[in-house]
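Letters A, B, C and D mark the chains as written, and numbering starts fresh at 1 in each.
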Amino acid sequence: MKHTLAFLAAALIATALPAQADDTLDVVAQFEIQSPEPSTTGYIFTRMGITETLTHADPQGVLTPGLATDWTADGDGLSWTFTLRDGVRFHDGTAMTAEAVAAALDIARTKPGPLAKTPITAIKAMDGAVVITLSDPFAALPAYLAHFSAQILAPAAYGAEDAGVTVIGTGPYKITDLAPPLSLKAEAFDGYWGPAPHVPNVRYSAVSRVETRALMAESGDADFVFGLDPASVARLGLSDAVTVHSVAIPRVLLIKVNADHPALSEPEARRALSLAIDREGIARAVLRYPEGATQLFPPSVGAWHNDSLVPLAHDPGKAKELLQGLGWTMGGDGILTRNGERFALTLTTYPDRPELPLVAAVLEQQFRAIGAELTINTTNSSEISAGHADGSLDLGLIARNFGLIPNPVGTILSDYAPTGDWGAMGWQNDEITDLARSVGRGDGGAPARARITEILQTELPIIPIAWYRQTLAVAKGVEGAVIDPWERTFGLPELRLSQ
Amino acid sequence: MTDAVMIPRRAGHALRWTGAALVAASLILAVVGPLAVPGDPLAQSLTKALSGPEPAAPLGYDHLGRSIFHRLAAALRLSPAIAIAAVLTAGLAGLVLGTWAAARGGWTDRILTMLADALLALPGLLLVLMVLAIVPGTAPGFWAGLSLVLWVEFFRLTRAATRAVLASPAVQATRLLGFGPVYVFRTHIWPEIAPMMLTAAAFGTATAIMAIAALGFVHVGMRAPTPELGLMMVELLPYWREAPLALLSPVMATFALLLGLTLLAGSRDT
Amino acid sequence: MNTLVTRGIQALMVAVLIGAATFAMMRALPGDAAYRIAAGRYGYDNVDTAAADAVRDELGLDGPALPALLHWLGDLLRLDFGNSLVSGQPVIAEIGHQLGASLSLAAVAVVLSLIMGPPLGILAGLRPGGLLDRGLLVVSTGLKAVPQFLMALILILILSVQFRLLPAAGYGAARHFILPALALALGLAAVNARIARDAMARIGAMPFYSFAQWKGLSRRQALLHHGLRNVSVPLLTYLGLQFVTLVEGVVVVEAIFGWPGIGHALVHAIFSRDVPMVQGTALCLGLGFVLINTAIDLLTARIDPRRAA
Amino acid sequence: MTLLKADDITVAQGGTPILHPVSLHLEPGEPLVILGETGSGKSLLAQAIMGTLPRDLAARGRVVLGDHLLDAARPEGFRPLWGRQIAVLPQEPWLSLDPLMRAGRQVTEAHHLVRGLGTQDARAQAATDLDRLGLAHADTRYPHELSGGMAQRVAIAAARAGGAGIVIADEPTKGLDAARRDEVADLLLAELARGGGLLVITHDLALARRIGGRMIVLRAGRVVETGPTAAVMAVPTQAYTRDLIAADPENWPARSRRPAGAPVLTATRLAAGRGGVRLFSDLSFDLSAGRILGVTGPSGCGKSTLGDVVLGLAPPAAGRVNRSAGLAPTAFQKLYQDPVAAFPRHRTLGRTLADVAHRHGQPRDRIDTLLPRLGLNPVLLTRTPGGVSGGELQRLALLRLLLVRPRFIFADEPTSRLDPITQKQVIDLLRDTAAAEGCAIMLVSHDPELVARTADHVLSLAPAKTGGDLSGQAVKRAGGLG
């Protein structure tokens, strides 16, 4: 009886130590694979190089040819023609025809996502090209088609009610095993139209806990770890087994302000709150970034970054003066009151991004220093848009991604012209709405952009805190890793395994 | 399960006394600590982030420059307070329902037992998670969830012991001598149950503290700024190489408190 | 035969309890379910009121509670668990996939704990109060005081980060089993050892054990022919009860090691208000408990005839 | 030639001797009986000879067994003899069989592992052994499905399977009723007739008389008297032995009839069953103050159920019990077989008695007056039930009843667990109580001798037959054997 137990143990241990396959690249990130449906999980497939869009974007945000070689708009900008690349095959071997592309875009348009907000009226397939007609001119259309929800799948990929059932894309990698929610395996697609990838097999696993991802990078279990928390960036930087990449991206850590709230309706009040924030301290101690945000748009957003703006400063004294000017007087418990109303607000944030609750805790102390009481409500991310819809939100600490569409105008239109779930709230400024629409149509130029950023900097419907940097830890044997600031691709085809 | 058989009395006592000493030590740290070294568990100083111990903060600072000593003291007040509150409610409910089920028998007993068995079949964490989803991250949420989980244990213990006692000749003789149910409870049932209650209570408190910490560790427990053992551990885990003491203090405090409670509960475990 | 009847009732009660609890939970939750599900589907970058409205129409989330509960119980009887609100996949498929991972982890953990725990416990129980017995008491009490997540944390820091022996997380190869299973098994082994030790000490003191030796059997023969079989009964019964602590451990350890198990899915389902998923998973865990305990009841009844009477 | 010779066997606990030097020898064909009350050290003597003393006791002395020379101080040396030279028949054999193994297999196992027979031969040999003991049908039964007597015979077969010559029987009649006692004696004598030696340790005088051979009487760890059993029992030389022999119910004087007082209760056409088995039916009797009704019969015949029915603790299947008018409900009390289980474990006896006195408005000093009457030392009141002897606790239970001035006491096997002398004291006390307090007593016992010499009327119940209708014998006059 006793011997059998010992034998069992030995057998178990023996099977547990096979060598790790070395021709597979292990990619780890926090995004969970919901289902083969492009509108919910498409961003993973584009990042892993399994599916592609008509247009791509280079690191500076300039659109480059993807499945469409070039695109032109006719005179009045109401109809765009995208000429398709020929000789492109889907993973199931079928050729990519204009009809397939039109059908894919039509399906994408009916589902929640950026395309639904564009003034598209019809998409028609011609021979070797696709024509899209608009209800009124929209210069950013090609940028919208670079969004992951506009990825092109084979007709066989869609099941009942156009729900995605299998992922049949055109990308350099073909899925061999899709196991939602946590893992996906793919191998190089020999029939790919572009240059063949160097790494034969890739495996994606979703690890939601940032500590675990950092440990996997450190212990060498993952070759390509995307999205690290500040502390691990510092720790992994020291270890020689891993190289850490960090690049500024068009995502901004900001406070969404409800201007309808009595305490926040005056711009001076919002400016006071902004002055209370020690952006350098937060950036260096909490986020481990070189410097905090001086305005809404980071330099990485190119044209929208306006150097002439007066940078946001940290001056608690001036903040108190501004608030006294608005009639707030210091109460017994160190909190300001005005005609019976205490200066008490709720800051809503979400734990999906690990740094948000940390910054919330810091903001609570820094606002208390100027007499504002903050209670932190860390909950589900949807509470921000729910709070916006029913007006119950006071302050929301969010990480707004301006790179959803390679051209930030899309996000500006949805956030500030005039308000948006993740943008301004209870704040009316007609001038900014007209300017944004003109830039959207393509006729507004640099002066319009400069005026928009100037309004945002003075009116402060949202209070920027820090510009995000995307972090990536790559194992020693992997070369050629480049972070895409627009978070559209992991750049797997360009990677090379040295060992 | 009978009590530890064959553990000589001396060793049994020695273990329980060490257990009591450990629990007392952590409670003293929790209550007297902040009086001896005044400080605010929430006050931050970003410049002092992760720096070593100094007189104002005997255990150094965490990643937001908050004194770990004071956060630990606050955590050692918060978790045990919720745990003890939950154990008291659960104990009371279990005791009353257990005795009632054993005394009444028949349908009352059958229904209560079925309910208890059904609850027993569900993992405690699931129940606590469900209650927490309704009252997210607040102490009453934990208290309600944990009470719902812990009462089953007390109910089963009380019911089994009371049924055995009520069937004994001693109770039959007492009833023949004309004594009422209150006297029967006071002389026969309570002396039999009391020692078990202490053991189950100590064990329940340990389980409750573990549950709160586990939920904190997977980010679904207490909310960010409030100091809580599990949350402190998970926050300080990434800074393991930069400030090992920072991570070690909550780990050691949790281990000491739980070891104390487990020793206090004696080696009886159902 | 009455074990089957009582376990059947328990299973029914578990189903009704889960149905009622999840419905009470879903109806009483703060925040709008449609928003939560939209966040679950589209992620924090793309969730907005339009997405939430689309979800609300698609799933018809409003509507009275009672008919929905009866509807669910009806489906349950037809073993149709419905589809997950977040991923749209049938719940049965989702659970099937996740259950495989969790069960294999739980099985390895149980086997490891049975290899480590009971043999030591029995040896200690043969000489109560001896050196091994006192040592086992200290070690098992110590291990019992370490919550599973802390055990996982310590194992990761030592075995995978410091000495790079084992993967810190991930799923797939057999190497990924060792750390999570060990984190679970140590706690279980500590308790198993105690149970085995107490049972062995109690049986060692029983008249039939000494009579077996007075008949002429050696200590080893007495242990093999009479000791082990008698110890197995309390041990098996306790294993059934341990299923719950095992599941709790799996929920926490999966979250830490990034395992695609049922525990991990359950935590997500609760916080993204995925009602069918929560019900399906909870039911699966509850009925799993009842199933395992029924099997153990039947097994112990075969070993110990007094129980069957 | 002598089978076994033990010289100056002594047993000490932490230095204090609890068994003073005893020497004995066992001759083939001649049984040796060691007689003594609980605590006399008789079991310790046997355990010292077998080498099975608990670890905290130290033994000294030499044991010669065939060509083996053994030192009692080192019990390990005795282990090879177990089963091969010495066969031990333990107390309460139904607890000494592995509950999870069938009876037959436990005998086969001894043949196979100890005697070294092949599995087939061992099974065959076991079958013949059991058949010889009349247990052919019990082969596949589990221990809990065997009666006390059957379990004992399986234990004997298992113990002898190893080929041991000497049989040591430790309290073989404990927990068995009187009817089984003679069967046990015949069983042991039959085993002796097959050769080897027999050593019997008991406090049961009737068993000793039937076994015969030589006898050693022990008291408080010292030998009081030795000699042939018949001679010692007929003409005991020592005072203690005389009391011991006198305590055997067979030697009790017949009871003179008491005048009947007022009727306390009448039972008409009573019938009751348990678990579908009809125990007794249409029993009618009445009980009057000062009289004792004896109820006897084999174990399981429903004696205790009858008492519970009369007390109203259990519902009768048919018939009625009418209590005489004007009697308080607490006038009907019960005395239990195991007094320890009838008292709250954690409270001192003094407090329990005080509660009862307080409850019934009895003056505090009534307890102090009753103590000497029942021969109890007041210091006992400060102890808990666990810290008092069986006899003392039964008398305290009686005291507790007297506090409520009972009119009827149902004594359920009150003395079956006591030693002969203590048993006699308790029975005498019961008789005096009936007379002094003028209350009726229903005495239940499996020992017909005891009931015949104590009760005014004797009611003997036949063994329960499954399903068969069973009419109770008419009430017999005292004096006739039950």
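As a convention for this text, contacts are C-beta pairs under 8 Å (C-beta built on N, C-alpha and C of every residue); 3 or more make two chains touch, one makes a residue touch a chain.
Fair warning: this is a prediction, and the values are worked out from it, not measured in the lab.
S.K.: Suppose you hop from chain A to any chain it touches, then on again the same way; how many hops at least until you reach chain D?
M.R.: 2
S.K.: Please state, in steps, how far chain D lies from chain B along the shortest route of touching chains.
M.R.: 1
S.K.: Relative to chain D, which chain has the most distant C-alpha mean position?
M.R.: Most remote chain from chain D, centroid-wise, comes out as A.
S.K.: If you tally contacting C-beta pairs, which comes out ahead, A-C or C-D? Let me know.
M.R.: Ranking C-D and A-C by C-beta contacts puts A-C first.
S.K.: Which chain lies at the heart of the structure, taking centres as C-alpha averages?
M.R.: Located nearest the centre of all protein C-alpha atoms is chain C.
S.K.: Quick check: how many Å separate the C-alpha centres of chain C and chain D?
M.R.: Using C-alpha averages as centres, the distance is 50 Å.
S.K.: From the mean C-alpha coordinate of chain A to that of chain C, what's the distance rounded to whole Å?
M.R.: Spacing between the chain centres: roughly 37 Å.
S.K.: Approximately how many whole Å separate the CA-defined centres of chain A and chain B?
M.R.: Those two chain centres are 42 Å apart.
S.K.: Nearest whole angstrom, what separates the Cα centre of chain B from the Cα centre of chain C?
M.R.: Distance between chain centres: 21 Å.
S.K.: Name the residues of chain D that each touch 2 or more other chains.
M.R.: Residues of chain D touching two or more partner chains: there are none.
S.K.: Can you list the residues of chain C that touch 2 or more other chains?
M.R.: 161, 255-256, 271
S.K.: Which positions in chain B touch two or more other chains at once?
M.R.: Chain B, residues with two or more chain partners: 136, 218, 237, 240.
S.K.: Mapping chain-to-chain touches, which pattern fits: line, ring, star, complete or other?
M.R.: Its topology fits none of the listed shapes; call it other.
S.K.: Which two-chain combinations touch?
M.R.: Per the contact definition above, the touching pairs are A-B, A-C, B-C, B-D, C-D.
S.K.: Within the complex, which stretch of chain C touches chain A?
M.R.: Result: residues 31-32, 35-36, 38-52, 54, 86-89, 94, 97, 108, 111-112, 114-115, 119, 156, 160-161, 164, 167-175, 177-178, 224, 228, 255-260, 264-265, 268, 271-272 of chain C touch chain A.
S.K.: Going by the contact rule set out above, which residues of chain A touch chain C in the complex?
M.R.: It comes out as residues 1-2, 5, 8-9, 12, 15-18, 20, 26, 28, 31-32, 34-35, 37, 39-40, 43, 111-113, 116, 163, 179-183, 203, 205-209, 212-213, 215-216, 218-222, 350, 352-353, 379-383, 385-386, 388-389, 398-399, 401, 404, 420-422.
S.K.: Which of the residues in chain B end up touching chain C in this complex?
M.R.: So the residues of chain B in touch with chain C come to 1-2, 4-8, 11, 15, 114-115, 117-127, 129-130, 133-134, 136, 206, 210, 213-214, 217-218, 220, 230, 233, 237, 240, 251, 254-255, 258-259, 261-263, 267, 269-270.
S.K.: Inside the complex, what are the residues of chain A that reach chain B?
M.R.: 209-211, 214, 229, 231-232, 234-235, 238, 278, 281-282, 284-286, 351, 357-358, 360-362, 364-365, 376-379
S.K.: Which residues of chain B touch chain D in the complex?
M.R.: 168-170, 172-174, 176-179, 183, 187-188, 191-192
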